[in-house]
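Everything on this sheet refers to the single structure shown next.
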Amino acid sequence: MLIDWPLDRLREYRPARDEPADFDDFWAETLSRSRAAGWDATFEPHDAGLSLVDVFDVTFAGYAGHPVRGWLVLPRGADGPLPCVVEYIGYGGGRGLPIEWLLWANAGYAHFVMDTRGQGSGGYLTGDTPDPDEAGGPQTPGFMTRGITDPQRYYYRRVFTDAVRAVDAARAHPRVDAARVAVTGGSQGGGISLAVSGLVEGLRAVAPDVPFLCQYRRATEITDERPYQELVTYLKTHRDHVEQAFTTLSYFDGVNFAARATAPALFSVALMDAVCPPSTVFAAYNHYAAADKDITVWPYNGHEGGQAFQATAKLAFLRERLAGG
Amino acid sequence: MLIDWPLDRLREYRPARDEPADFDDFWAETLSRSRAAGWDATFEPHDAGLSLVDVFDVTFAGYAGHPVRGWLVLPRGADGPLPCVVEYIGYGGGRGLPIEWLLWANAGYAHFVMDTRGQGSGGYLTGDTPDPDEAGGPQTPGFMTRGITDPQRYYYRRVFTDAVRAVDAARAHPRVDAARVAVTGGSQGGGISLAVSGLVEGLRAVAPDVPFLCQYRRATEITDERPYQELVTYLKTHRDHVEQAFTTLSYFDGVNFAARATAPALFSVALMDAVCPPSTVFAAYNHYAAADKDITVWPYNGHEGGQAFQATAKLAFLRERLAGG
Amino acid sequence: MLIDWPLDRLREYRPARDEPADFDDFWAETLSRSRAAGWDATFEPHDAGLSLVDVFDVTFAGYAGHPVRGWLVLPRGADGPLPCVVEYIGYGGGRGLPIEWLLWANAGYAHFVMDTRGQGSGGYLTGDTPDPDEAGGPQTPGFMTRGITDPQRYYYRRVFTDAVRAVDAARAHPRVDAARVAVTGGSQGGGISLAVSGLVEGLRAVAPDVPFLCQYRRATEITDERPYQELVTYLKTHRDHVEQAFTTLSYFDGVNFAARATAPALFSVALMDAVCPPSTVFAAYNHYAAADKDITVWPYNGHEGGQAFQATAKLAFLRERLAGG
Amino acid sequence: MLIDWPLDRLREYRPARDEPADFDDFWAETLSRSRAAGWDATFEPHDAGLSLVDVFDVTFAGYAGHPVRGWLVLPRGADGPLPCVVEYIGYGGGRGLPIEWLLWANAGYAHFVMDTRGQGSGGYLTGDTPDPDEAGGPQTPGFMTRGITDPQRYYYRRVFTDAVRAVDAARAHPRVDAARVAVTGGSQGGGISLAVSGLVEGLRAVAPDVPFLCQYRRATEITDERPYQELVTYLKTHRDHVEQAFTTLSYFDGVNFAARATAPALFSVALMDAVCPPSTVFAAYNHYAAADKDITVWPYNGHEGGQAFQATAKLAFLRERLAGG
Amino acid sequence: MLIDWPLDRLREYRPARDEPADFDDFWAETLSRSRAAGWDATFEPHDAGLSLVDVFDVTFAGYAGHPVRGWLVLPRGADGPLPCVVEYIGYGGGRGLPIEWLLWANAGYAHFVMDTRGQGSGGYLTGDTPDPDEAGGPQTPGFMTRGITDPQRYYYRRVFTDAVRAVDAARAHPRVDAARVAVTGGSQGGGISLAVSGLVEGLRAVAPDVPFLCQYRRATEITDERPYQELVTYLKTHRDHVEQAFTTLSYFDGVNFAARATAPALFSVALMDAVCPPSTVFAAYNHYAAADKDITVWPYNGHEGGQAFQATAKLAFLRERLAGG
Amino acid sequence: MLIDWPLDRLREYRPARDEPADFDDFWAETLSRSRAAGWDATFEPHDAGLSLVDVFDVTFAGYAGHPVRGWLVLPRGADGPLPCVVEYIGYGGGRGLPIEWLLWANAGYAHFVMDTRGQGSGGYLTGDTPDPDEAGGPQTPGFMTRGITDPQRYYYRRVFTDAVRAVDAARAHPRVDAARVAVTGGSQGGGISLAVSGLVEGLRAVAPDVPFLCQYRRATEITDERPYQELVTYLKTHRDHVEQAFTTLSYFDGVNFAARATAPALFSVALMDAVCPPSTVFAAYNHYAAADKDITVWPYNGHEGGQAFQATAKLAFLRERLAGG
């Protein structure tokens, strides 16, 4: 069934943004400090038993210079700098094994997959990056509430910074054309893509699928599904932290990043998605500041969204945006 | 939790086979009739937006000459006849989109994916092959009880015949080396692989993962999970069809096919798999007649089995068995 | 809880109908072809161990002349032609055993129970009629999406035609008064009753209980329950078939049949029914074209509706409408 | 899946009985006191809108002379005294409406349906008899623990006495042949039938289906299903009442009644029945003291058991046992 | 998620009251009869192994003089009459063990805990008081529907009378200051507190947490959770008792008692509470007739409400209201 | 139902211990380092609104000197050093509010409640202590797998050390008699109590209720309940970490600590506890090395165990063991 408003109303939904005054300063300082703590990424050749692509095991400098893992998959034998797709992972997953990431290289792109710190033990894509946890405070099982009482210590400050630095690392690779980079991901990976869309200059394209990490308060009020439910569990326990938590989250709301974006975008949303409710996605889409934007609506899908159908749409979208040199 | 016996007991479990006297005649006649009704497969080039592989939309002659769909994915620009992996799909799935099938071509093989008639509407891989009848097209499951009162009309008679004919079609393709063919698949695809292992000569390798369609009676007695549960629902209604149904199923039990197999095999099994209980898998494995066989045991997995870890194991297994020319 | 609008709003709900221009032609041609393929029904005496009623095992010519099974139950020793109640079965059920159908004969009517092709393995009423195809026999559901891409091949084209032909067969029986026939059924049986109400002339009464098969699109948007959920599962897979499917369904929507009905009607609806949501029932009821109509509202029931309380209401309703000779 | 031992072991399972020394005295005194408090049953004609049967609304003297309701359904126009089937109802149900009880009268028997005191609000068969509760002590919601700390006050002391008195009332009716009475019922009705089999002389047949109320302790140890689960909930709260409760229950265990039975019996059991686990049924069956006994085993059914298939078996069983005059 | 309206709307929600004309007469007569049947409470010293408090096992005269149990817990060694908190228990619970009731005595108050007749076997707090049931009529398992067809026989007539008489008994104790009594309780205990607030003169404070037993009809329409669901189960069976049941309930609706209250009150409500939906709580709060009232809103809690956070709020609230002599 | 072996077999179950050779060295070094990093605990008076007890907000030096929170609750006005009960909390909970901890002070003891680092956001007892996480590696949501690839970095190394240091801190308080200390806790708190029983000298009593953290491998094989299920989720993802994880866990198995214990003990176990299965509890109990030991068996309880009934048993047990000076 529909889990949110009908499509007509969703298309018009453009809620007031809850944005702290120092939002830009917060992020400028965060990024400049982490860039200052950076070092050159390493790219170790990795034998995945494949003959059409080359795989590299990546370690790059993320938040505060923390080492973050990833994969770089390149079409074997391609000449010259390649356009590059940087991809972020859904909640609970990690970078997995390289044989799980063949699509973009098969389409002729460099493909940079970022591991998500701390994640990758959720029963599917395995992960390899620790989260050197600055906060350590009480949290509800999961990651959404790690450090939630303080924007400086909140988990996604580290993850979003990692994600910006992943673009930096990809751009610095000799086989990548730094001017032709796109970011994408589904669910949490879509939310991270949105953050990057507001924090990184000069992207060629942004493709968030059924993005998570948008409009936290409304999300907690209209769905019981995890991971937004982790917030509810935290706040049902720490009844005295409600406003403090939402203040923190205002620094990490995809809606606020979308309002700063400039790159062409292709969103997707599913009308039966109770994990990332459609109104929270449309809130970000309707605030997305670039004129060249579109959203694919999957009326009968849940959080799986368009899957290979959406991948096909993204292949076409990126072919246009990443073309040329 | 473990859903079946401990591993030690599983390794010893080799139950008496329930096999009808005319098992071989039944299948010989089934296959010869369908081969007689055959015609040449067609391979239409398909633009999937990829640059490292060539994709063909296949239509081949299945059971009784019914047209069955598939994909053939080839490494672009490879020379000479290639070893080929023929793959069968899990229950409820169809051939999907070609971008969902990149692994084996990326490893340098021809990859032939067979659609499963009638299936492909179960919420994941989409399908395009009817199960000929007046109505036709794909439908939401279930299929386990279609025609169960008569071996001649049972659904899997048509599917297993399609699967044998898919190998025939793959072998007939000019870019495939007919002497170097392997079959694989997970769950239902594993069960089909077992059927093919007992019905086709000269395979180089068989790799059934967490196979379904083995030891039906025991399966219904130890699990409540679908799809074996479809049998239970049928038999709880048709209380007078119990023995008739199991007589039919004895013609389609993976254990009986395994006992006729000659090709090297790599099985996998998961000890927390309630969909395809471990004892039903070991029953087939322990009866598997080839000496060159092994089974990967995943102690903490459910029906997902080894996923990319098992794919990695299969890459190594096939590299050896499919080598040479 | 209420699963739909409050009763006041339901009583006013009369949505625009989505009806194809050739709706009447489609059905006229469908019925005339099947009638042309017809043959005389057979009525075999059946010993059910009962002494107050006579039971006959019926085989009649359904869609395209396909043999369809049923039961005819007659009060033993009754004189002259009897008024007749033709009954259709709920989703997943078949004609069952005759001892499950004693009510209407005990009330003095001929009772004709139609088996539903392909169904009757769902865990309750057993069925005996194949849905002709090469495979045939009853199977575990679902049926809602069989042939959904083409109105000519859609499953309910065959079922609704069977249902019209069941009335024809009942009317032709010597102990039945062809001028005094009523149709009834619950859930799917109610949906079939509605179809018959729009396709058959001269019925004395129509009594659909909690009818299914009305307002498909709205149903998929407001409930997650099966069987409407089968449509959702199909469309979440075949994302490119959405409009095609709803075009097909517009030929089979109870709302469109209701708008053509002329016989007196007694509907029932339950306000806590998530399987056949109240608004979809009221859509049909409010469009039902006969002036002599009423609807029993069960405020605290789910899909079970009024059960024996509604049967009591129907006994009174039919006593009036089927009286006389 | 099987929820208990395999059938071979079930057939051999004949556990030691836990029976108090004064079991027979307890019941002899209970029944003699209630018979002393008795009065003549009333049979009010009831118009159910039927023409083949006559229906009477019964009120008879149950435990301690409490008025208990029931239905008597008779084949209209039958001559002479009829054999009679006395029926008891499943847990949570009441006597319902008379149109729900047509089978046995249609087979030519008088049919006496006993309401279960206090029950009949569970969502299906409605009830009309209060339980003037002598105990009133704390209980877990439901009836299984009402008065459980004292055999004199336990709920089923009243119900089993009602059931014996129902046979008395049926036998006293002028259209019933007191020498040809059978008792039957499913689940709780089967458990009550067993109690009656051990407490009433001269029955012609006993037919308990998937009987409840046997081997309470084992039942609580092997199933989580209601209603046995009510005992667990009670005992998890009243941790100090465990032995007291089982002492009470030993006066009400179907196994102990079965050991005193003399009438021919047809049991039924379902191997996937988690509500009344098979071993608790076989415990009663294997102790059942009459030589003329049989048990129908439904291997693929849950608590629904054989339904109309079992009813058919009972029609044949009773035709033989209730024949003659 | 929110299970009811947003907070703004809740704050304005003051529905028309459904109140019978003889509401006050009904209760005046009920109470005067039970007071006439009263006798002096007994207070037996009880050794709970504690050294800071004295515990007494209470038996007092409840409805119709029925003996009702309770605990009185006093700070050991306190001088003079103490202010007293009378507490009622949530649905399914009983008075438990005295070590479960230490808070109010530790805060310096006399604490009188009333057992709830018939309850106390629900898996948590154990109970010891029978409900000598005057009605005994069919009920849905549980207590909400016991005697629901008649206000005179309805279960809560007895419970609410017990609760008034508990205040009487507490006030009569020599160590209690009869002028300084507060009542409190959560869920059912909150509903009982509301009843007492409208039936007892001269209370110093009323503190109902997430109160149950308010606005029954709306509750059944917006939640599927127990115990309101017991009403639904009853009414889905007894389809002909709907209006009769709501007439009975109108004598027991917390909204009607609140409209008669005069004591200062502190309510609590939780916006994610599906057991006692927020609108039913606000209906009572907004009708509560005393000017000195407040409500604590827990936005992220379910039926657990504020727990120790709310207890802390009540400690402060009572410290002010129970001060002085 | 029983979720494990029958009681007779449980009483005999004394499995071989899986214990690393350097177990004692590991812990000796761990504790000596943390003690070396210690500093004096602080005890801030806290106004909880109570008059019978004094409450102190504790901060003490835990693992590596990390600050850990707790509560100290003392009977107000008690003379001289008091015997002390140190309590650890169940999984997901924190130290909560002091009004939640009144029992032991009301019995005349000093009561020291230790917060569990990182926990206390699970929906019940709130927590206030961060886990300065040394490891940070990928984990499954929850705490059981934090740092599981290395005993040095495993989460419970820090927690168990905190627990030992809590005893140190309690013993150092002037109102506590260091010679009369007992430890207790339920579930995780029971598991921590067991660890302390093997690591701390001179305890007077140990009272673990339904202890968690024992026999990890068997636990994962016989239950699907959390938190043991977190291990399963981790290992189903990190298929290559299975043996490494169990090696780590062997340093933290309650069975190994129990084998080193010397203090009198009262365990409890519940036979229907699927969270901490009975055999894992009996494994620890049967290996518990002190002669003065007993175990309370709750046959009809789940993980709630004996609750206030067990607390009553512990009051008696501790009264004897903590007596004297």
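Letters A, B, C, D, E and F mark the chains in the order given here, with residues in each chain numbered from 1 onward.
The rule is short, and it goes like this: a contact is a pair of C-beta atoms (placed from the backbone, for glycine too) under 8 Å apart; a residue touches a chain by one contact, two chains touch by 3 or more.
Because the structure is a prediction, the values reported are computed rather than measured.
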Legend entry - Smallest count of steps, each to a touching chain, taking subunit B to subunit C: 1
Legend entry - Other chains in touch with both subunit D and subunit E: C, F
Inset, instruction - Could you quickly compare C-E and A-F and let me know which has more C-beta contacts? - result: A-F
Inset, instruction - Mind checking the rotation angle between the two copies, subunit B and subunit E? C-alpha superposition, nearest 5 degrees is fine. - result: 180
Inset, instruction - Tell me, please, which chain's centre (mean of its C-alpha atoms) is farthest from the centre of subunit F? - result: C
Legend entry - Shared interface numbering between subunit D and subunit B [over half = same, under half = different]: different
Legend entry - For subunit A paired with subunit B, centre-to-centre distance based on mean C-alpha positions, whole Å: 37
Inset, instruction - Just give me the whole-number Å value for how far the CA centre of subunit A lies from that of subunit E. - result: 50
Inset, instruction - Measure off the straight-line distance from the CA centroid of subunit C to the CA centroid of subunit F, and report it in whole Å. - result: 63
Legend entry - Numbers and ranges of subunit B residues touching at least 2 other chains: 123-124, 236, 304, 309
Inset, instruction - Sort the chain contact graph into one of these: line, ring, star, complete or other. - result: other
Inset, instruction - Go ahead and list every pair of chains that touch. - result: A-B, A-C, A-E, A-F, B-C, B-D, B-F, C-D, C-E, D-E, D-F, E-F
Inset, instruction - Note which residues of subunit D are touching subunit C in the complex, please. - result: 48-53, 75, 96-97, 99-100, 102-103, 105-108, 123-124, 304, 307-309, 311-312, 315-316, 319
Inset, instruction - Mind listing the subunit F positions that touch subunit D in their complex? - result: 1-2, 272, 298-302, 304, 306, 309
Legend entry - Footprint of subunit D on subunit B - complex, ascending: 220-224, 232, 235-236, 239-240, 242
Inset, instruction - Name, in rising order, each residue of subunit C that touches subunit B in their complex. - result: 64, 120-126, 131-150, 153-155, 158, 230, 233-234, 236-238
